[in-house]
């Protein structure tokens, strides 16, 4: 059965999405357990795949039994096996954490919501697993289309943000499609591995170079790289809490994965990094993203909005790291995909728990939160440490690689931007800790033991949050294994 | 904004147009796109899948996996429209129009007023912007719709040999229903093809597609490899592929028909399923 | 050299880590404090059990996890680390005792959090002491910053808030902004972090680059309070006194200088620094801090602030001693970690005791206080004598070694720095004791009635004061440890 | 000589595209857009992409227009641009 | 005229696709009305489909429906050059479906926005949002 795991990986969420959305019309009580069970199953499959890849090398799964350039293949290799596990784990944890939200917000549309949730996930999983450039586009659209819907039913400005996201998302996806068209016109094939074989013969092809630029431009729009990030903060911060924890960790990260995939295994590194001017320009864009994201985050007065700008900065980390074009940089970018997904998940789950209890995530409402919701805050603090980049949390190690990459490439601007953003993150989170720790002020020399009243979120929220928080530390401690046993094997030989 | 947009657009466009010089000429049969991969499909398509229309064989077999997701995209769109727009209403929340059939008097019932029974024989509900004399439209549609549907079924079934297939057929089927809903009214269309049925058909259609794939998996072959169904269907592997294509096309037709109708319901009544176009 | 692989260092670190949930879950105050004691004594016992082996010249190593190649969380107990661990773990017991008296007599809020964070800080401190490489060192250094933040801001009022902000800004800003990049640069060039007796940077960097990196470390470990990164320390004095005592006289600041010393010896290597004359650079930086902080201390009226500036100066003694790169200088520097710790903690305990008993914070209001609190003020006198470096107190031994060190290295200038600062130390400490005991009845602000602090507070300060005396006569095992450590560094045979 | 017809259709496509965006009435824009789709479908048919043309005729000219009209019906016809 | 025509015809399709694409892009960025933007988005998407279809075209090629023995006989007789490339057609079927799906969702969102703000003009909506924030 193992040889069919790559197919199962996506069939399970897809089929269960269909069943769940049908079940929404028949008996709503079954929807949630079904969704959780299917995600757990898919997670198990992905772990099995990762183990298999680590033991026996990459797997190529031929859909419909046709050999690669003719049919569509799924490729599970060292690069995407860990990403798959993370995606599914993120989705599962967030689903459990969002249970109370889903029951409250979408009571009569639960089937549709969970159906969209699972479809979104199958889109994301598919993007990561596919070995066909066009198939990636189709899955991209599934992920985006469901994403618009998941965001669109949120607070106040959600529909407008969602529509703007839809416009930008469509531009991005269409540019990607156009890029595939250019690749196709130059090579005549759509299979990633096949393209990679043909690229070296087309070293000087302008069409192929334009294809690279167009593909990357499309993906940059989708991942909200500065200055194309305008849609992201509104879309993510207005999304319903249940969706924010799914979409914020996954979409941008999966797009960055797609960039890594396209850059490394479609266009070979030799081609992608062949023009220093392009790489340099993109790294400077990334620097601008990091700096502007950090500064804008400083100006926010709401947790979720602040996080969205941190995401903008983190996108800069990964894009910059990748386009440094050296081993440490690319490793760091890839590692950061995994780590950042986990970090963002933890942050958004914490916010979701806070909003659940307080009804708001404005800074001024967070007073005394350490006393009210200690467990949530433990998770929050660990995630914050990870975002700042304090060892032994995982954020430190990916930042470590990124900075090393910057040093090796002599790109001091990038190094400075990373350090700057770490410092800004420290300021950002300490501001919140201060509010949550101090206020309301103790009068005089505290002779009062009646602090904030303990008022923790339900256990279905806190447990996934704490698991995610612990995983941040675990990911940090197992960085070595992830890097040496997976990511470094995934890097093609062309990277120095 | 407009100025910025103009600049961005002119720059991008200029870059792209400047580059078209490097493209193979329009209609060049020797470009890589036309010589590298696609000849395989043309030369072996019929032998592999027994479908003369190569587009169909590529669509539903060689790249059938894409098409499964294409259907899923449609389904997702239906789900999304429902999720975004649908709102349940209690009768009496909005003003309604009724016609008292025996007298021909039109009644406007305000919010909170007493409504006639749903199946009342003497009162008929009217759209608030109804057209008084639509008898020609109604009757023409009544005649045309069956022909559209038959043609749609032909398109689905004949996809192997001529342009068309599940998707086009499904859209045509949906179009016939939409025509019905426009020519009569939305409520009657919904009574014929309820929302729940549309939703379930939508999932069922995709399920037929994906289920066929899973069935192949159960027979020990790769996902969507219809050859595995040969023992089940009692035909040769090539014919099994041909039949497999038909099965999934039917699934596509189901899903597309139901979902397009569903989207129409939600869009045309802004989610209220009350008064359509 | 004998190597032993054992999880003892980890156990010593984790003891206080695991006691945190127990502290949080204990229902009554007595149970909570009993657990604190249990952990403290257990920790001390584990550290002590490693002492004989280390004294024999052995090292105990343990690798927890290798995160990346060359980037492992690993512990190595050598003589220097042992010295520091011994000081901090023994003083935890004393401080716990003092805390109980102090916190209860002032009826502070949030005591559970206080004890929990205290325990966590001690974990981090031992982590730093036993760190086997630069990465582990940095990890526990940061952990200590976070664990001490709730302690510094314990009062949770506006003043605590602004001080806490200053504290975390300096400590975290410097470590992320300076230490981390320096570490990265070193790692990208050398590919290792493992402390080596003679450093591992030899030949990888040019002289200016080495100088910049060295200064990044010296300033970046802002806990060492080298000027201009010192002003968090006076600000952090808003914390309850036991916190100031343990953390700002013992754990936090000593962690800072310990880190600097480790980096100078274990990363850069004394021979390399000596050969390009960079030790002197650090010496000048430290001397500047010593002189300026002593001068500022003279002008401070708040007792705790005066002690804080005194601490800043004393910390730079240690850095100066290490940076002299001569055997006696380094011995003195290391020894000063211990000696100053016992002296300074006594002073802080006394300051707290005065505050707890009378509510007085300023030196100018302490005239005649010796009549009311004779034991406390006697201890205070002993502590200040030790810090000044007069016999018969422990501080003399370390300062003596420092002075010898300046002569050994032939840098007479620093001898004068030491002497001048000792004079200033005397000038800002002795008047306090003098005024406390010897004043006319008109001047005296207190009645002659003895009204001491609770016994829980009194015992610890007497204990540490006594220790300071004892160490003059019997400076073991600290002297032995320091000598061992220096012998390892310079490659001399075991003493 | 089919070529000039191709070119003519494509030119018409551009014109109707501009028209759809320029008309200051959303219902009108939807209808012009429908014409655009239909012309596009003709262009594709003349390039031999019959399946694509068929789909575009059903979807672009048919269903899309209905969706647009439905949406306009429930919102507003007026627009400033 | 006779010399010019083939020259134009060689690239005309590509130019048209770019013109349409830029038209759509301009509408999406520059237009104010949401439905206009949505129409622009569809034009944008169809332009890319036009591009793909143009790639597939072969001069003198016929429809990609194999005109042989309909019952599996004519394996050898097929010359690929005689038929138009079917692969892009197949891809574009998917793209069309995606575009209609996107259109549906976009219109649903537009209706929702209209319900909320009573207008489809973006600047009016932004004005309203600013007014709310100001209060």
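Going in written order, the chains are labelled A, B, C, D and E, and every chain counts its residues from 1.
Just so it is clear, a contact is a pair of C-beta atoms (placed from the backbone, for glycine too) under 8 Å apart; a residue touches a chain by one contact, two chains touch by 3 or more.
Bear in mind that the values here come from a model prediction, so they are computed numbers and not experimental data.
Between subunit B and subunit C, the least number of touching-chain steps is 2.
Look past subunit B and you find the other chains held together by touch in one piece.
Steps from subunit D to subunit E, minimised over paths through touching chains, total 1. Chain centre most remote from that of subunit E: C (centre = mean of CA atoms).
The most central chain, judged by the distance from its Cα centroid to the centroid of all protein Cα atoms shown, is A. Taking the mean of C-alpha positions as each chain's centre, the chain lying farthest from the centre of subunit D is C.
The mean-CA centres of subunit A and subunit D are about 37 angstrom from one another, to the nearest whole unit. Between subunit C and subunit E, the centres computed from C-alpha atoms are 70 Å apart. Chain geometry summary: the mean Cα position of subunit A and that of subunit E are 29 Å apart.
Inter-chain spacing, taken between the CA centroids of subunit B and subunit D, is 19 Å. Looking at subunit D, one finds that residues 50-51, 55, 59, 63, 67, 70-71, 74 touch two or more other chains.
Subunit A has residues 134, 138, 141, 145, 148-149, 152, 159, 184-185, 190 in contact with two or more other chains. Shown for subunit C are the residues that touch two or more other chains, of which there are none. In this structure, the chains touch in the following pairs: A-B, A-C, A-E, B-D, B-E, D-E. Across the complex, subunit C is touched by residues 385, 388-392, 397, 400, 403-404, 407-408, 415, 419, 422-423, 426-427, 430, 433-434, 437-438, 441-442, 444-449, 451, 476-480, 483-484 of subunit A.
Listing the residues of subunit B that touch subunit D in their complex gives 53, 55-56, 59, 163-165, 167-168, 171-172, 174-175, 178, 182, 260, 263-264, 267-270, 276-277. In the complex of the two chains, the subunit A residues touching subunit E come out as 134, 138, 141, 145, 148-149, 152, 157, 159-160, 162-163, 166-167, 170-171, 174, 177-178, 181, 184-185, 190. Across the interface of their complex, subunit B is touched by residues 50-51, 53-55, 58-59, 62-63, 66-67, 69-71, 73-74 of subunit D.
Here subunit B touches subunit E in the complex through residues 1-2, 4-6, 8-10, 12-13, 16-17, 20-21, 23, 25-29, 31, 33-35, 37-39, 41-43, 45-47, 50, 52-55, 58-59, 63, 66-67, 69-70, 73-74, 76-78, 80-81, 84-85, 161-163, 167, 238, 263, 266-267, 270-271, going by the rule given at the top.
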